[in-house]
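Listed after this line are the structures, all set down as structure tokens.
Okay, so chain A shows up in both of these, paired with chain B first and chain C after.
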Partner chain A sequence: MIKILMVCGAGLGSSFAMEMAVESVVKEIGLDASLDHTDISSASGVQADIVIAANNFEDQVKRYGMNSHLIFLNNLIDKKEIKEKLVPVLEENNYI
Partner chain B sequence: MGLIEFTTKNVELQVDAKDWEEAVRKSVSILEKNNHVNTEYVEHIIQNIDEYGPYILIHPGLAIPHSRPENGVNRIGFSLLTLSTPVYFSGSDNSVEVLISFSAVDNRNHLEIIKMIVDIVEHGLIEKLPDVHSIHELNELMEEVTFSE
Partner chain C sequence: MAVVDFIVNNILTQASITIALVAMVGLLLQKKPGGEVASGTFKTMLGFLVLAAGSSIIVSTLSYFGEIFSEGFGTQGIVPSIEAINGQAMNDLGLGNEIALTFLAIFLVNIILARFTRWKYIFLTGQALLWMATMTTIFGFYGGLRGFPLILLGGIIGGVFAVAMPAIAQPFVRKITGSDDIALGHFCTIGYVFTAGVSKLVGNKSQSTEDIKFPKGLAFLQDTYLAVGAIMIPLFMVTAAFAGPEFTSQYSDDLNYIVHAFLQGVQFVVGVYVLLSGVRLLLAEIVPAFRGIALKLVPDAKPALDAPVLFPYAPTAVTLGFISTTVGTVIAMILLPFVGLPVLLPGMLTNFFAGGTAGIFGNAVGGIRGTIISGIAHGIFITVLPALLVPIFNDMEFINTTATDVDTVTAALLYEWIINPLISLFN
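The block that comes next holds the complex of A and B.
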């Protein structure tokens, strides 16, 4: 099962809210995925196929050199933006 | 939904704040007053914003001041504060008029609060909340939101 990890600074606010929005999108497109959220300093120790974070964490997330597909969002709980950015990544990697 | 209640204890409407810091301080002081957090909590939030940017902005018009459990949390809680005049955070072009501060004891047990925030945003209430003048009006507006199970 594909694992999607939401990442933010504290690991319990923005990332948790993102997880909920992503959960709705994932349900809508009928994808069986395992979702979780964490803070940026713990993120590098977690294995995930896709990592989703806010734009302002782009540099930090990239610095951790995570071996995952990375998606960055302007509006963290905007399902439209999530879908627009997530679906191409899923398609390219044959998850859907 | 025992946790999600809007009362005079956790809500302040149409509050004046001269800048983002005062807005955050006033919002988090409601959590302090209700003994959800101690006085350290807000200092961590302000310091984190100074250091990492406005990580508490998750949607235009809304800020969700929060920090880690070890930074002064006593128990799970939230507060809702609206501003009479919007404030701006450096690093963002969006003005903020609604602040929902919360405290968490771990990464997951405040699920209901995060769901409430997402539901409020998805029902388009962030744009409506600044015009609310009483708790009664607020609760009428919130009736539109069927908080997720």
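The block that comes next holds the complex of A and C.
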């Protein structure tokens, strides 16, 4: 199963909000995915296929050089934006 | 009867078990499959106990820090941390059950208010609600309330804050995001509105923070725990240096006392990290359930979300707000003793999140100049309010700490100044 990790500063609030938005997108496109959320410091220790974060965390997330596909959002709960950015990554890697 | 007694005295008094049972009932009501019920129930209990473990780490470093600070500077040095307050109230004061039930009562009141008034906000920032429940419980308890009235009143006050705070923030949020889709659910909102007011007075909207380039080296400040450590660790080391090797040797044994202070500073960050990991586990089942129920009952509800959802709209303002708020908290730390208030050290976690968000508010109405000046004012504001609570926390034997998040502090002051005097009038 594909694993998608949402990341924010403390790994409590906004990553959780993102997770709930991503969950409805994932359901909509009929993907079987395991979703979780955490803070930046912990994220590098988690093996995830896709990491999603707010665009202001781009430098930090990239610095950890995670072996995941990275997606950065402007509006964390905008399902349209999530879909637009997530679906190409999924297709490219034959997840769907 | 023996069985009932056993359950009441040995099981329901254990907040970790009660909370797990509440989660289990919730999961069963949602008709989740057995496996999910079991894992959700277990994770909720795990979350509570991880939170408790984090709390005891924080308490042990804070009591060390309190001792060396008094020795080094001859006055009490308070570390503001709502996490530490929550942990101690749940564990050392034994208010875990009341806090958990108040937390659920706030959900209920929030849904009722959103359903029947024109404030259609559903407050989804779980940890903020937990802090609010913590504060109403502590201060209601301090005022003499127990059991059901304590929980009911906490639920009403917390529920009103849960719709009122997003409501007063919304005009600014609309300006920041350019839409009405997102609402802000973060209990530092009074500070944000204060910041916006100051920024409007002194600022100049035409020069936005987002037009300036910030040095890349400061990007590490985005990493929450790193930012907390960057301030707390040097603070511990400098304080130990002032306290001197003789006094500190009782804690450091054979280890060099500065190295020991360094490790204690790291330990503080570890405690916050562990405690918040516990909160994450604790909320993982409850928040989606609340969201599901609320959106079903209030179809036109607007979810109020944690502050960082605004960060992408003005990332430079976030960093600038964080720095200027921290400057403000340092100024306040130095000035507070002169007006008879205790020394409050900068609370870096809240400086990071509340300061960053205040920066966005400041920028939206007053540009660069407004952001810097109002950020400093914000730092002073969020230090003075919690300082007023210190005598009560000391009286209740909290270890060297006070609350953060000004809305929860305001709720506490509401208890202290209005509700509790009224209660004592009737008793």
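Note that the second predicted complex is superposed on the first by the 96 of 96 C-alpha atoms of A that agree within 3 Å, B and C clash if a C-alpha of one lies under 4 Å from a C-alpha of the other, contacts with A are read in each partner's own complex, and residues count from 1 in each chain.
The working rule: contacts are C-beta pairs under 8 Å (C-beta built on N, C-alpha and C of every residue); 3 or more make two chains touch, one makes a residue touch a chain.
On a predicted model such as this, the values are computed, not experimentally measured, just so you know.
Q: With chain A superposed, do chain B and chain C clash or fit?
A: clash
Q: Could you let me know whether more residues of chain A are touched by chain B or by chain C?
A: C
Q: In the overlaid three-chain picture, which partner chain does A:S34 touch, first (chain B) or second (chain C), both, or neither?
A: Neither: A:S34 stays clear of chain B and chain C.
Q: Considering only the touch criterion stated at the top, classify A:N93 as touching first (chain B), second (chain C), both, or neither.
A: Touch status of A:N93: no partner.
Q: Going by the contact rule set out at the top, does A:C8 touch chain B (first), chain C (second), both, or neither?
A: The answer is both, since A:C8 touches chain B and chain C.
Q: Is A:F16 in contact with chain B, with chain C, with both, or with neither (first, second, both, neither)?
A: Touch partners of A:F16: chain B and chain C.
Q: Which of the two partners, first being chain B and second being chain C, lies in contact with A:L76: first, second, both, or neither?
A: both
Q: Check whether A:N56 is in contact with chain B, with chain C, with both or with neither, and answer first, second, both or neither.
A: A:N56 sits against chain B and chain C alike.
Q: Tell me which stretch of chain C runs into chain B once the two are superposed: 25-33, 241-249, 259-267 or 295-303.
A: 295-303
Q: What is the shared patch of chain A, the residues that chain B and chain C both contact?
A: 8-14, 16-17, 20, 37-39, 54, 56, 75-78
Q: Taking the complex as given, what residues does chain A use to touch chain B?
A: Within the complex, chain A touches chain B at residues 8-14, 16-17, 20-21, 37-39, 54, 56, 75-78.
Q: Quick check: in the complex, which residue numbers of chain C touch chain A?
A: 124-128, 177, 181-182, 186, 216, 219-220, 222-226, 273, 276-277, 279-280, 283, 287-288, 291, 303, 305-309, 311-313, 315, 318, 349, 352-353
Q: Please name which positions on chain A make contact with chain C in the complex.
A: Where chain A meets chain C, its residues are 8-14, 16-17, 20, 37-41, 54-57, 59-60, 63, 73-78.
Q: Once bound in the complex, which stretches of chain B touch chain A?
A: Residue list for chain B touching chain A: 48, 52-56, 58-60, 64, 66-69, 91, 102, 104, 106-108, 110-111, 114-115, 117-118, 121-122.
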